[in-house]
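The structures considered in this document are given below.
One chain, chain A, links the two complexes that follow: it is found with chain B in the first and with chain C in the second.
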Partner chain A sequence: MSNITGWAGKILRVNLTDGTFKAEDTLKYKDFVGGMGIGYKVMWDEVPAGTKAFDPENKIIFGAGPLTGTGAVCAGRTNITSLLASNPYNAVSDSHMGGHFSAEMKYAGWDAIIIEGKSPKPVWLKIENDKVSLEDARYLWGKGIFLTTAFVAGKMPKGAQVAAIGQAGENMVNLSVIMNNGSHSAGGHGGVMGSKNIKAIGIRGTLPVHIAADRRDWLEVDKEMMAVIGANNNHVVPSTPQPWAEYNAARSRWTATDGLTWGAANPPVNTGTCDPHDLNSVGLRTQKAVFDHGAVAEQYTVRMGGCHACPIRCHSTLHIPKLEKYGLSPNVSNTCVGYSSPGGIMIQGHSKEGEEGEGTMMSKAVGAQLADDYGVWCNYSQIGRDFKYAHESGILKKVLPQEEYDSIPWDLLEKGDPEFLVDFYRRITFKEGELSRLGEGAYWVAKAWNFGDDYWNSSSYNMWSKLGFPKHHSNETAAQVGSLINSMFNRDAQCHTHVNLTGSGLPIEIQKAVIGEVIGSPDALDAPNSYTPMNEYKAKFAKWSIIRNCLHDSLTLCNWMWPMTVSPLKERNYRGNTSLESQYFSMATGIPTTEAELDLMGERIFTLHRALTVKQMGTVDMRNEHDPICEWVYTINPDMQPFTPGTQKMDREDMQLAFTMFYKEMGWDEKTGAPTKATLIRLGLRDVAAELEKLGLLPN
Partner chain B sequence: MGDHKDINLLIGEAIRLNTINIKLTKAEDLTMEPISLKADEVTNKLEELTKIEGYEDIKLLKGKKTLYCYSEKHMTGSYAKLLVGVEDGDLFALIADTIRNDSKIYPRTTDIKLFTKSPYNFKEKELMDILGQLMKSEGYEDIKESRASNNALYLYSELHLSKAYADSLTEWIEVTSLECP
Partner chain C sequence: MSQDEKKGLLEKTSTRREFLKIGCKSIAGAAVSMTVLGFLGYSNAADVTGFPLSTGLLISDASRCTGCRRCETICTMFNDGKTDPYIARVKVGRNYNFGRDNITAAYRTNDGVFGNFMVAADTCKQCKEPACAAACPVGAIEAQEKTGTRVVNESKCVGCGACAAACPWAVITVDGETKKSKKCVLCYQCVKNCPTGSLKLIPWQEVKAAVRRHA
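Up next, the complex of A and B:
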């Protein structure tokens, strides 16, 4: 085992039912890379079809990958795989968190932690290298994530990382998170930990992660990576004109500019003109607080934080003294939807008090603190839209008992007072009353409250699938490409491969040329809001986007940054380098692997996800049972026809063709969208084919 | 005057230093000490310089008032053109060129807030006055307004975008993209 590089070599299996631990060989999973891949394989092998998310028979796998902890750039993600309670079939899904947890797991000598069974009493898992124990957590049960994290950290050696659930997870709220580092959350699986009576994992590692390559060669790849990297989401042009930049884009996350500061730092830090050749300013490129909250947030920005081995600091830490008015710490950290989702619950707007944008920022900051401490997930902001629909349609008034309805502080909501969120999140977390059904997720709440067709069919509510998940970089992002990607998973697609290109800020002709070099034709991509009929290159683009996403969650690399499709460098004609993952993988593991060979591993992982979905749903008819898109996609802009500049409206026949072409690219049955026996065997999934055949779940 | 190599070095370094400080070098700047070229020899001297090995980064841009120089080691041509536009003071052309370029190459509509940022640096009222005049002026008939559902004002060139297309891009940039971060 001492010769293993990249991987730590061992997987920790924790049986909560009998309190036993076992170390297993990682390399039996090496064809599945790590992280997500290991998670799927364990779920396939060990969790019977029909198991529900909160059953003791369900398992939850925390996965790192062969690049985690090696120093590869942006390798701080932790992949968590389990059944998803908010999905109507409780189908398999992944949640992911940034932070530092997975790297610490590698330093402790573990590539993954498989947690199975159910503890008879609340426990937390303590790991110090190979010393593993289950600790009494009865005194932590009922506590929030912040206190739990602090307490567990206090019981661990300095430098430990803690992943924990809040009361929402304990109470098996479907929409609940697992969080590390106090604000890096993985949405959807908190309740699985709660169902198993495990409150937290504290982990400390002091072991090295070995790499096979000569460190000088590794450094060369690091240099190449740092040359092509952009800002958050790999946006490669600045948001304002800059002397070094040929292009700019207002919505770029490369927000740094002279005069824009981390205003609450002492002294304030000027983000400045971050010339891409100046590697010492990479961490200043993204002033995310002003991106997430507007200009008002600059004065409250203490610093930008982020994840292990990531030079892109996309996680803002704010000091807002007014938060204390709500009984909260004045210090809040988060990014992106962690902030925007609580803002979306304020469905009647935000307070206009204070400076412009301050009311909105306060809602987001208050909500982020509450959601993070309770451990409530948002289903990619859908919880707010579900609340909005139920409220505006009058359904809420009908389904809530009068007494409960009257107890809701509607006056606070109307005033835009963030105090409303204190009440709202408490109800969700502790399953107080009928309103708390919103925490079950869109599918279940729509079913219980009998949401009308207008909920599913209106673009106002963003529902992508009747399986209860919203759009996430869908038809508005490369048209059919984003649409296909959004239909393939069992929750909102967390794929950013495609949107990192379309959001890069580069002119369309450069984007098309770049993707043409990667995929085979510039026809893979259309100009924004002006798309053309389906073609095979779009199917290839969708496939490439997904399998890279699966690879990133297996290696583990951040798909909010990777792949490096483009760069900020004019002298490179803005080309990135899509071979970097395979270079890092080869050097870390010592297994020479080409880009195409690594992509094949991604294809294997994604196809296993599809097979798991087929098995759990008990049908091969993915085209009609799993992949359909809500109606609004075909009916928005009633006065416009598909393929007209100015609409994202999709064409029904064209989308059916898109599915057919995509299934073909994947080697799946073109009629049903289920993996064929031949493809499963081609991908080394013979055992999967055999089991599906036995279950009658292979397409004819 | 020293030999040619010395003067070339002086000119090149002066231009580069100005560029690093985000400034263009005007032709007349080179008539001053320590370079002290004669006014009638500046243009030829600069044109010669750009052809000499080691000075390929020195680029010239002809403005309405004078000739400008910059080093492309430290500034892109597109940014230098913006600075020329600011120096020239032809504000209509400066704004319209930006809008037309945005509509053509990205394609996108242009948030008017862009013009309040560096290097444009218009004050809000000044900008609104200029835009009001620009859109009534001959030669700028293609510049049109597009408003998002939150009433934010964007501009586009109908030489490159239809109104429906422009409106959809405006709504995406200003509203919808923020709902799907």
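Up next, the complex of A and C:
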């Protein structure tokens, strides 16, 4: 029996160029926790600055963490780290997927898989515990993700989990995904696998994950976790009045109510009142189909689905017989943007045929299945907005050859016929014609097609950064806090720490009190659309949000649920428990770790991300080269001034102050926003400091 | 259903595959009046000799199972102090992607998340005549005195795997680390923690049409 607990203890290194494998010791990365942290460390140590995403010198790291597979609640995430082709600098990024892949990786005895080089021919990686091989994938090349998964799983023992790319990844479409379990996709890195000629990874594991703690202690913490957990996005207030609930909030994802069912289950399952003390209805709290599609979807809902060891089921699985009309399976599953982004491509609206909302649901369902099989990513729905801008501005007509333009089924688009998506996704996936440039991502499309300032500067297109990514819970979420968070990554921010609180459904007074206890002052949070100028607690809130996000992607826990800032329980005064991550970590690994100590690890991981960005961009001037926000944030509601109720408008000088205060909280240079030598050393990143110094990339 | 018909059916359902065929296709229809325990061999309690009946058994209502697999993790954390789905007494993961059967060209409409989303837990049936106990060369599988629950006496178990090979439901597994056989002891933890109430511990007298597609 292994002495290592929490972690599996080994990392698998696969060299595709020469077809060799190596098992390495996980514990050399223990200061980086796992997942995202391991990914950044490997990228820092091994991938030289200037490498492009599809170069053989790039690497791709699939990471689990010390909590993955332990059964800790919501610990089913897989973190994937690599260079991101859609980013103008091909800067480092993470893509994440839920599902069951990373848990299986742990059960096979691996904490991470580092894939390097390039295979001379298409292969898939087969892992059965410590038995590892590269298998011929020539016959899989050209196939979609669903069939690829079936083929790979068919060559493995039952219970195997498969991560695969579709044709989009093979064709190195910048916006392409890696997917497992049919609807859990990691956006942006599919092409990296394609460039390396690796089609899929199949894993079957039959080994245990050990914990250091006594099982009774572990189950006690589990109990506490299950007491404070809410619904999807940790919304803790139901969307409709319930007998047990003091509050309700219309946009809450706690949609369950008596009479609302999984209508296509046999027999239909009533979601019910879901008293928060009832452990047997936690998975019924979120009826996500009606949240994503409206009431029309209830009758098509087979059930909810989701990730390994997560009691919150946030994917809806639908049986819609009409899907067969489009040559698709009647069965489709996804959640949130997985559905809404194909809906957004239908820029002339949706068919009005059938019941209310049916046309929209059909677009979303058809598109979700096509995108999931081809493996196309949406850049957080930006692909539809790019298409919209290019079309409405007349640019598309100019840049597309006449013949190609005429071949696009515009009549289907105008009718709102989802058949349009069949044509659209095929062009993107197979890089057919100029239109397929939309698959390169916003930065590259805007550059090639010469998008005007109105694209960047109008709030209609949601662009957050000139680096080509859109807003994702930004200024509309806690003002400067969401804005800071959105500027810190190399793609759309995937942080939900802040929005889970503001979306929790609790009255703002309670939210402010809670965050005051966590951060130090209720001034960290403003009421929606009623903003106040920047203060240091907002900087602390942004920092806390991001470092918890980084921790979650390293442990790995789901940041769509964690941290447990609030709870649905009145008797707890709606207080959650923000020490649960450190409790689980300590019990799993046997390394006693306080909440503050674990947060420091998150800070280390996030600072390493910043250092990687500085290195790849070749500048310390993050403030001006990396972090700026598109103009619309400062110019929306022209008749209103910032800090007046009713607007989400930000103030330029105040935002510069916000960056300064945030950099200060992080211990980064307040002028440039680059990590200082002292901070890097404080975080145990002496080697990083030394290399940046050599490259002249430390701030003065 | 007459006694003869019942007997005929039970003879036919002697294998797991046959059970599933009948269990899947007809339990919700023609056979709805017959108890699930009947399908499991508990057709006539008076006939029982040797092993006393278990007072209950664990079932999974497939229409409610969302495949979170918390039953597997909690089962092994509670019983083994580690997380190990391979030895869990409830097995969901192996059916998750493509259902219980082999993958076929019809995988997009068969069971599993790549098909019709039907994911079901395999559970121990506490069989009337437990094949696991019959196969055990050292008599390590015993009926608990009060409940009749079939349990592994670990002090006798030699980890040979004969029970696992004999189990028609393939829900018994030998722990690779302790070399002891792991089977369901009806500890109730999976039921208590099932987030959608799919898993239920059902007293055998009350089992009627509660299981609609799979037991």
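Methods note: the second predicted complex is superposed on the first by the 699 of 700 C-alpha atoms of A that agree within 3 Å, B and C clash if a C-alpha of one lies under 4 Å from a C-alpha of the other, contacts with A are read in each partner's own complex, and residues count from 1 in each chain.
Going forward, a residue touches a chain if its C-beta (ideal position, glycine included) is under 8 Å from a C-beta of that chain, and two chains touch if they have at least 3 such contacts.
Being a predicted model, the structure only gives us computed values, none of them experimental.
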Superposition on chain A - do chain B and chain C clash or fit: fit
Touched partner set for A:284, first chain B, second chain C, both or neither: second
Touched partner set for A:415, first chain B, second chain C, both or neither: neither
Chain B versus chain C as contact partner of A:13, first or second or both or neither: neither
Contacts of A:472 with chain B and chain C, given as first, second, both or neither: first
Which of chain B and chain C A:645 touches, first, second, both or neither: first
Partner contacting more residues of chain A (chain B vs chain C): C
Touched partner set for A:247, first chain B, second chain C, both or neither: first
Shortest CA-CA distance in Å separating chain B from chain C in the superposed model: 20
Common ground on chain A, meaning residues reached by chain C in one complex and by chain B in the other: none
Contacting residues of chain A [partner chain C, same complex]: 1, 69-71, 100, 104, 107, 146, 149-150, 153-154, 158-162, 181-183, 205-211, 214-215, 218-219, 222, 226, 262, 265-267, 269, 279-284, 302-313, 317, 319, 329-331, 333
Touching residues on chain A, where the partner in the complex is chain B: 240-247, 249-251, 257-258, 292, 336-337, 340, 381, 462, 471-473, 476, 507-509, 527-530, 570, 640, 644-648
Sites on chain B touched by chain A in the complex: 19, 22, 74-79, 82, 105-108, 111, 113-114, 117-119, 161-162, 164-169, 172-173, 176-181
Contact footprint of chain A on chain C as seen in their complex: 28, 63-70, 73-74, 76-78, 80-87, 93-98, 102-103, 107-109, 113-117, 176-177, 192-197, 212-213
